[in-house]
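Below are two complexes that have chain A in common, paired first with chain B and then with chain C.
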Partner chain A sequence: MNKIVDARGLSCPQPVIMTLDEIKTTQEDKILIMVDTDTAKENVCRAATAQGWAVAEIQPEDDGYRITIRKED
Partner chain B sequence: MKNVFASKWGIIIVGIIIGVFASLLQFWGNPANMGICVACFLRDITGALGLHRAPVVQYLRPEIIGFVLGSFVAAYAFKEFRPRSGSAPVVRFILGAFAMIGALIFLGCPWRALLRLAGGDWNAIPGLLGLIAGIWAGTGFLKRGYNLGATRKTYKAAGWIFPIIMAGFLVLMLLNPKISGEPQSGILFYSVEGPGSLHAPLLISLVIGLAIGFLAQKSRFCTMGALRDLILFKQGHLFSGIIGLTAAAFLTNLLLHQFNPGFIGQPVAHTMHLWNFLGMALAGIAFTLAGGCPGRQLFLSGEGDGDAAIFVVGMIAGAAFAHNFGLASSGAGATPAGMIAVAVGLATCLLIGLTMRENIGGILG
Partner chain C sequence: MLQGLTQERDPNVLVGLDRSDDAGVYRLTGEIALIQTLDFFTPIVDSPYDFGRIAAANSLSDVYAMGGRPLTAMNIVCFPIKELDSAILHLILQGGLEIIGQAGAVLIGGHSVEDPEIKYGLSVTGTVHPKQCLTNAGARPGDLLVLTKPLGTGILATALKAGLLDQSTTAQITGLMAALNKDAAEAMVEIGVNACTDITGFGLLGHALEMAAASNVGLRLYPKKVPVIPEAKTYAAMGLVPAGSYTNQKFWTKDLQIGPGVEPILVDIMCDPQTSGGLLIAVPEEKAPSLIKKLVAKKVAAASIIGDVVAEPPGKIECR
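Up next is the complex of A and B:
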């Protein structure tokens, strides 16, 4: 089961802080992050990439996005 | 769809465009080292509406109108218009008011601090150090879980209100145009002397404002975020934008002979270093707690963010307080009332930062 970070409704830097927190603590190699602005989507992707994670998938959903990031080997 | 404006070069180029046009706006008539200053210009708008009556700072600045409407157009064009509100509006109003008071004690928002530096006004240096200190303090709260809570989707019409107000300001200005030498035209006030009397032609200001609003919405340009992300995440994306702005404004100033280095006699500036530092520190904390510099709050207002709009309304109220109660500095320096206001503002921000948090960010701490 993937980890889920629900950052909907939160403005930056909250989604990034929550994502980085999860990256640091998780044992999983996949995290699903839910955001609802384009700015949050870009910032989360940028932060994850900087941590050596890859953006596997971005799915538009309702008024936001479901971003799947995956740990790079 | 990839957003090229949010790429590394995208943000740098947007910074360069803002820097070049800010410097050019000075050449075309805006006050020196004040090509674009979001705090000063909101203060001038407050004066134009008669909400404060300081005669030297009254002009309904079209750049601000352009920022909001340009962002509104960009948000619609790229399907990013998201009407939302409800994240602690009263707190945001207060943060906006104190951010403005802090900025007016320094005499400029972060944009103007960079433009002052680019024009050779070394008094900007203590201001920028204060800004860094304020943002650093703000990131301390963020690390400990400070958070104003989630915003909620709202009616489309609610997201339209702020852009409509700005369009209304433009209509007011067209119906009550400046009459040379007259302090009033219809219901609007116009400075006859002082910085409020200095401005580029309306159409130039408006078009540049619209263009910057459009580009900044897409690039997420933010001067506070630039320093915050660097301190909090060691991430230099937005920071490269403000470097672009400063370098471009500096080079354009050199070409236009607008670079005059020194501390003494700088335009709309004072040399009380401690109060330059503390004023900007207050503004920096307030911006960080509210999630954006004044420019960014305008761009967010344009894309439907009602919480950012409340921050801007708070800034307008703050400008009225600052001039009605003698808190704002002048070329002569900070005022005793202004010094008290800084202390009250810092205490208020401390209270907000410490009490409004949930345990979401423990690891970064």
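Up next is the complex of A and C:
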């Protein structure tokens, strides 16, 4: 079961803070982050990469993006 | 925003609504022109006193960008007086007053309204000799471009909002944003320059593009020579880029040519909206060394030559 971070409706830096918190505390190696702006998408991908996680998938939705990030070995 | 709003022309309006410049300029006599500007915004740092200083320095900056001298200021205040301690407002106004004093101007009034969100700034009046008024329309091919403050305050303010910024970097950006452009303006007026604007919400590239369009010239920028607060790069890579930076980038992209060797993160930083940013000055090449010397002597430490002005293609910027 993947962890889900729902950051829709929130403006930056909130989605980044939530992503960083989840990366810090999760036991899982995959996190799904839901965002609804291009800014949040770009910033969340950068935040994950800077923490050594990989952006596995960005799925555009009607109301934003579902971003899957994966812990790198 | 002002499209469709028309008024009769007044020959004494030297800089008005039709120009994308920093302040309005109105000629009173052959010797004196009035500079008028106002700006106010929501808190960008936690300390009310520092917020007051920053907002005041930001408001006064437009007068300096026109080569003028601020004379009087009036407070613009929005404050939830029923919910928050009035001591907070007092600190904001105290910070503002300190900077007004540093500018050699006087506070002569103001207006406050009750508002759930704190906002503060100044309406500033200054003067300049009508023939010495600097605008963003005077850049000439061959000029060199000088920037007087390092970039990155938008990114670092976002990091501060996220609770990720350490105390010393917070103090550094607070000091930068509260620093008046007074010394830089005095230096450029003493040397004699061709054009000037201050870097605020549109970022370096946005305000430089306005200068290129207004002056009908092209600009070449050297991103590696642009002064940047070192921590801004780290936090931009961590995803703490304000929405305004992406918006700016998207908005200006058709007029920008970014060379293949330019680090993308530097483009983010050059589009980063600045609060109380530095002056971007176009100076004739032969005067550039003495301008830099004077700026450094006045402790405008970050002052750097970041590019030059070319004839073609007008209204565009090349970053190489």
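Everything below uses one rule, namely that the second predicted complex is superposed on the first by the 73 of 73 C-alpha atoms of A that agree within 3 Å, B and C clash if a C-alpha of one lies under 4 Å from a C-alpha of the other, contacts with A are read in each partner's own complex, and residues count from 1 in each chain.
Here, a contact is a pair of C-beta atoms (placed from the backbone, for glycine too) under 8 Å apart; a residue touches a chain by one contact, two chains touch by 3 or more.
Since this is a predicted model, take the numbers as computed values, not measurements.
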Is this a clash or a fit when chain B and chain C both end up on chain A? clash
On chain A, which partner touches more residues: chain B or chain C? B
Contacts of A:Val44 with chain B and chain C, given as first, second, both or neither: second
I'd like to know which partner A:Lys24 touches here: chain B for first, chain C for second, both or neither. first
Is A:Ile69 touching anything from chain B or chain C once the two structures are fitted on A? First, second, both or neither. neither
Chain B versus chain C as contact partner of A:Ser11, first or second or both or neither: both
Which of the two partners, first being chain B and second being chain C, lies in contact with A:Val35: first, second, both, or neither? neither
Of the stretches 45-53, 81-89, 135-143 or 153-161, which one in chain B hits chain C? 135-143
Overlapping contact positions on chain A, where the chain C interface meets the chain B interface: 11-13, 16-17, 37-39, 42-43, 46-47, 50
Can you check the complex and tell me which residues of chain A touch chain B? 8-14, 16-18, 20-21, 24-25, 36-39, 42-43, 46-47, 50, 63
Would you pull the chain A residues touching chain C in the complex into a rising list? 11-13, 16-17, 19, 37-39, 42-48, 50
What part of chain B is in contact with chain A in the complex they form? 3, 6, 78, 80, 82, 84, 87, 142, 147, 150-153, 220, 225, 228-229, 232-233, 235, 237, 291, 305, 307, 360-364
What residues of chain C sit close enough to touch chain A in their complex? 158-159, 161-163, 236-243, 246
